[in-house]
Structures are given as structure tokens and as C-alpha cells.
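Structures incoming, each one as C-alpha cells.
What follows is a pair of complexes built around chain A, which joins chain B in one and chain C in the other.
Coming up: the complex of A and B.
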């Protein structure tokens, strides 16, 4: 049995709801299907404290339609990379910071705030990153519906075209 | 004056490197008691622009994430794309990618050595190491056509081959650079002024390196034997003979020693590649539409671990591209490195991770909409502009005789 398979078995034994949700597509890589906040936090807590995944590489944000998806890239002593994923509803994307496990997550999580509009609770105070000062509130450029062509960098405003008004079909003139 | 704290902002222009970053340092006397790192001035929206471009267009954007590590980023991006597409590139293409990667490491380490020398007032080291770096850049330009952004990579392999003349020139270059590196190693390991200036400065212990996720020479200088070429090999690095260089100094001195000694390892790899270059196609065909999937790839860039993630959606355009450059990883421990040291050491400590702000922040957009204050010049216009610029100052560059190029030794 490969080391990757051993890790998958170990995780599934601890969290049976992950049965069939972990894959090993390439050497030294394990991908997990996205989980919602409660399950994700249970799994991450175990991975970081008992599961041996003590190295955090980065967290990547995705706009997956109704949800924002956050992929945490972790590795263990065997240099196996594990992608664990968290879903947060786009309407209220609140997640908890993983800073209590990984000190090097801070810049990456700040990026999720600026670029995706996530609310990351428990993140220490500090400068925002990476968007410039004066960036308009509520504009999250890595969301799929945000288009660069509507952003005016001189005035720092986002000006999407107004939704097209429905053209009223003129009534046919009454025949005399 | 005791207990008086002074807050000094350094930046956004870095005092040693020509890139923007702001470091807010709180001082007690001359000692830094608190440091706040501010980066983000170079955020250019690279990842967003990749989402609306084809994979081959993305390649050219990704190559421009960083000037120094251009090959690192493009190779890592392509490995992710090729992995998702299920494409195995030829052994020859892999060997050529390794060759370019190690040439890049050579020129990056020599560049850093010169910058470090300049910061500590040892400008002779700057002149020597940058002189030697030119030899490496000449070889990169001969093979790839450019000093940086060599454009050697393409999806499915490499765009240019290595011929017998290249091999001969590269071997000659290796001999010279290796000889010079022996001299630098001797200076680094025995020169007392250098050890006194760099020793104990910018400490980041083994445990702190792991805690803050430091990568590359920064962590190897603290004894963390983590080199992606060994721990997660790619491009056939498992076949290459080299050692992972570590020290126990955990300071700027250790980072210098690691970089100097890594020059020998890179030369070893280059020689192995040249002596064992396999036959094979340069490029294998890859469909324009990449099947749905995702991949996280790692790469040992000169500054440390470079991570790329690509998610494909079955079309010609990637769903998402994420670049985590080595500098982005090394910023986390920066405040810890500066705190407790003298203000005068701050520029050196910052430079010692060999930071690349562009890598951290990613991407640039050039538009030509504002024609009153901006203009985009093509090559000939730029050349003419520079000739006129000098002419206006009494220098006619067209009359300068360029002597025949000679090696320095």
C-alpha cells in the first residue's frame, strides 16, 4: 500500500463521512472534496494536531458559483500534499482563520478578504493585502462576476453597465 | 531618553533593493522592538487576467511574474497544466528545463551575492560576482535569446534545443564560474570582516523557520534540509547528482554560505545534464482544451519553494491559476527576523531572503488609453529614444567602438 493510500485510510478511519471523497490523482498528492464549515474545522483540527499535517503552504480562493471555495494546501513529513477544501456561501462567506495552527497563513487569509470578500474571523489585525489604499468597498476582483473592464483606476470606481431596460413594444396603430 | 520609542517607516522604496515595500519599525534606541511588514504595492492582477486567456497566453504572463525566476514560474505552471492534461514530456525536454533552471539559480545566487556585498559596503564583491553573472546571462541569452524571460518553455516541452557549440560554451562557463565560486566560498568561510558583519544578524531558528513557513536558502541556512528537488522531485531531478546544502548558522551569514555553496551544486547538475543529454523530441502535442481537473505543483526556485495551482474546466482557458512565490512564503518570518536587531541591519535582513516584491504581488497591466501622459514604445522607438536621450546630453552612442568581447581570465 502506498503512503498516500495509508494517509487516506487513516483520515477516513477518523472521519467516515470522507469515505470516497479523498482521491490520489498524482504521486504525493491527495485531493479532498469540499466540506462545509463545521465538518471542515473538525477535519482540519485533527490534521493539524494529530494527523501530522504540520506544514501549511497556502490557501487558494475560488468562486464556485453559489459558494466560495477555499483550498488549504498542507503537507506532512512524507511530503505528501493534501488539499482540504472548505465551502462558504457567497451570500455570507464567514470562515475561521487557521492561524492557531499555522502562523504563516496570515497574508494568504488577508488575500481572501481583499480579493474574494471573505470574512475571516480570528485573524490578527494588520494592514490589508494586496489591494491598494482607496479600493472601493464591496468590490472583490477575483469573483467571477467582477470584470476588469468596468473598473476605472483613475477614479477607483467600479461602473458596470446598467441592466438593459426592457424595450416596450409599441402598440400597433389602430387600423382605421 | 530611556523607554522612548520611535516609529520609523522604511519604504515604500526599499533602501537597498529597487522595489517597493514598507516596513514600519518601532525602535528603542537603535534596536528594533517591533516590525510591521507592508507589501502589496506591486499587485497587478495576474491571476485574474489568466482566467480570460488561453493556456499558451497564460504561459507568457506567468513567465513575467518575476524577472529573475521567470523559468521557475513558467516551468511550474506548465507542469501543472501538463499533469492535468496527462501529458508526459520527453526526457530531453526535461533535461533542457533542468539546464535552464540551474543556469537561472546560478545567476540568481550571483546577483544576490553582489547585492549583499553592496549593502554591507563590500562593493568589490558586487563587481566580481556581477561580472561572473554576466557569463551565465550570456549563456542564457545564447540559448533562449534573452537575458531574462528566456521563453524556452512551451506546453508539452521546450522551444529551443541545445547544440554541440552550446555544450562547449556552457562547459567553459562552468569552469570559470566554479573557479570564481571557490574564491567566494573562501571569502565567505574565512574572511573575518564578512563573518563579523553578517553573523548573528537576522536570526530565524530552525523551529521558527518551520513555524513561519520559511523556504529555500532562508530555511536551509537554519538546518532545514528541505529542497523540493529532493523531497518532491520533478523534471527528472531524481537522476541528478547533487547535495542539499544546509548550515546551522540560521542568520544572514548562513544564508550567504548556502547560496555560495549551492553554486557548486548547480554547476555539478549542469555538467551532468550536458554529459547525459538524452535524445528525443523537444515538444509533444498537447490539446488546446485541457480536461477538467486540478493540480498543485512545487518547484525549487532560486529563492525557495514555488507553488502553483491550476484548475482546468475543460476549455481553452484555465478556471483559476494561483501562484505562491517563494518570497511570499518568506515574508511571514520577516518581522521576527528584524525584531531585536539594529536599525542599520534592517536593509540587509530584508535583502537576505532575496525578496521579490513582484513575485509576491503578481502581474502588470500596460494599457495605452491615456495617450497624454503615457505611451507604449516598440523596440526601434525605444532604441531611438535612448540614442536621442544620450545625444541631448552630448554623448553620441553610435560612435562608440565596442571592443571584441573577451573572457575576464
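Coming up: the complex of A and C.
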């Protein structure tokens, strides 16, 4: 049995609800299907403390419509890379910081705050990152419904068109 | 009216030894490495008297790399305004010339010329040291011609 399968079996033995949700697409790589907050925190707590996944690489965020998904990329001493995903509902994206397990997650989670509008609880106070100074409040450029065309870079304001006011462009008068 | 001897001497000195200030406005570091390559012994533009300075107050030429991000926009303007007249700006690399692939990004205002006037554009990703040297030589040739015309 390969090392990857051993790790998958270990995790599934501890968390039966992950049965069939862990895949091993190629060497030294394990993908997990997205989990909601409570399950995710249980799994991550075990992975970080007993599971041997002591290295944190990065968080990837993406917008999948109703939910935001955050992918935590971890690895262990056997160089197996594990992607665990967390769902956060877009209407109220509150997640808990993983800083108590991995000290280097701070800048990555600050990016989630700025770019996706996530609320990360338990993160130490600090500057915003990485958007420029003077960026308008409540604008999250990595969300799918945020359009760069409506953003005025000179005044740093976001001006979406009003939903009803769809102006029809007047047709040019016919030339005779 | 012909210029006096002192003015001519200053112009000669400026043409002979332009001092360079390097500003990274949001580059990936590719072009910055090429600038360092052009300055260091392999290409060695220091033999022409071109020295990199750490402060814009000593500089004649501002060598800018990268697309201008909204965060560096005001800083770039500030650095440019601190340089003594006459001053020249080199836009090094495709991103500095036009914004490159980042031009329409939400945090990028465009090429260097979206903020400050540019004297010479050096395309390339990354711009080769030969291209940078060529641009410097063309800038100095232009300067010499302009000074000759003024005399």
C-alpha cells in the first residue's frame, strides 16, 4: 500500500464522514472535498496536532457562486501535499483563523479578508493587505460579481450601473 | 544666444556620466535583474560613467520597471518630483511601456506613462541588457544632438 493510501485510511478511520471524499489524483497529492466549518475545524485540528501535517503552504480562495471556498494546502514529513477545503457562505463568510496551528498563515488570511471579504476570527491585529491605501470599504475584487469595468482607478470608487437604468444606446442617424 | 562655458561644461558632464535611479513600480523582478546585469561586469555600463544611485536627488535618469500599481502611483510621482531638472525616464520592459498583461487589472493604473512622462520605451519581457544599453546610448545621442542644436 502506498504512503498516500495509508494517510487516507488513517484520516478516514478517524473521521468516517470523509469516506470516499479523499482522492489521490497523482503521486504525493491528496485532495479532499469541501467541508463546512464545524467538520473542517475538527479535521484540521486533528491533522495539525496528531495527523503529522505540520507544514502550511498557502490558502487559495475562490468564489463558487453561493459559497466561498478556501483551500488550505498542507504537507507532512513524507512530502505528501494535502488540500483541505472549507466552505463559507457568501452572505456571512466567517471562518476561524488557523494561526494557532500554523504561524505563517497570517498574511494569507489577510489576503482572504481584503480580496474575498471573509471575516477571519482569531487573527492578530495588523495592517490590511494587499490592496492599495484608500481602497473603498466593502469592495472585494476577487468575487465573481465584482467587475473591474465599474471601478474608477483615479477616484477609487466602485460605480455599478443601477439595475433598472439600462440605457439603450441611441442609434446613429442614418446617413443619406 | 550662445551658452556660456560653464553651461557647456555641465552639459558635457551630464552627457558623459548620467546617474541612474532605479524604481520598481510593481515589476516581477525580471527587468530589475536585467538592469543589475547591465550594470555589473558582464555588460558593464558603469564603464560609460553610468552609476546607480540610491537617492532620486542625485539622479539624472529614472529607470522604471513594471506596471504602475495603485499603491506605487503616488510614490512614483513623489520620486520623480524629487529629481533635479533636467530629468529623463526610461520605461524598461513591456509592463512599464504599456502595462503589459496587467494593464486592465483592478489594482494597476497602466504603464509608467500613465503617471509621469517617459523619454524612452524599452520593450521586452524581460528587456535584455543589450536593449537597455541601446536605449541609454540613444538617449545620450539625442541629448548630444539637442545640445549641439542649442549652441
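Operating definition for what follows: the second predicted complex is superposed on the first by the 163 of 176 C-alpha atoms of A that agree within 3 Å, B and C clash if a C-alpha of one lies under 4 Å from a C-alpha of the other, contacts with A are read in each partner's own complex, and residues count from 1 in each chain.
One rule holds for everything that comes next: contacts are C-beta pairs under 8 Å (C-beta built on N, C-alpha and C of every residue); 3 or more make two chains touch, one makes a residue touch a chain.
Computed from a prediction, not measured in an experiment: that's the story for all the values here.
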When chain B and chain C are modelled together on chain A, clash or fit: clash
First, second, both or neither for A:26, with chain B first and chain C second: first
Which of chain B and chain C A:57 touches, first, second, both or neither: first
Partner chain in contact with A:156 - chain B first, chain C second, else both or neither: second
Which superposed partner A:148 touches (first chain B, second chain C, both, neither): both
Partner touching more residues of chain A, whether chain B or chain C: B
Chain B versus chain C as contact partner of A:13, first or second or both or neither: neither
Partner chain(s) touched by A:131 [first = chain B, second = chain C, both, neither]: both
95-103, 203-211, 311-319 or 383-391: stretch of chain B that collides with chain C: 383-391
Residues of chain A that lie at the interface with chain B and also at the interface with chain C: 131-132, 141, 148
Interfacial residue positions of chain A with respect to chain B in the complex: 25-26, 28-29, 31, 54-58, 60, 62, 71, 73, 79, 81, 83, 102-104, 106-108, 126-132, 141-142, 144, 148
Contact set on chain B toward chain A in their complex: 36, 38-41, 43, 45, 47-49, 51, 83, 210-213, 231-232, 293-296, 298, 305, 307, 309, 311, 319-320, 322, 324, 328-329, 331-333, 361
Chain C partner contacts - residues on chain A that touch it in the complex: 131-135, 141, 148, 151, 153, 156
Touching residues on chain C, where the partner in the complex is chain A: 69-71, 104-107, 109
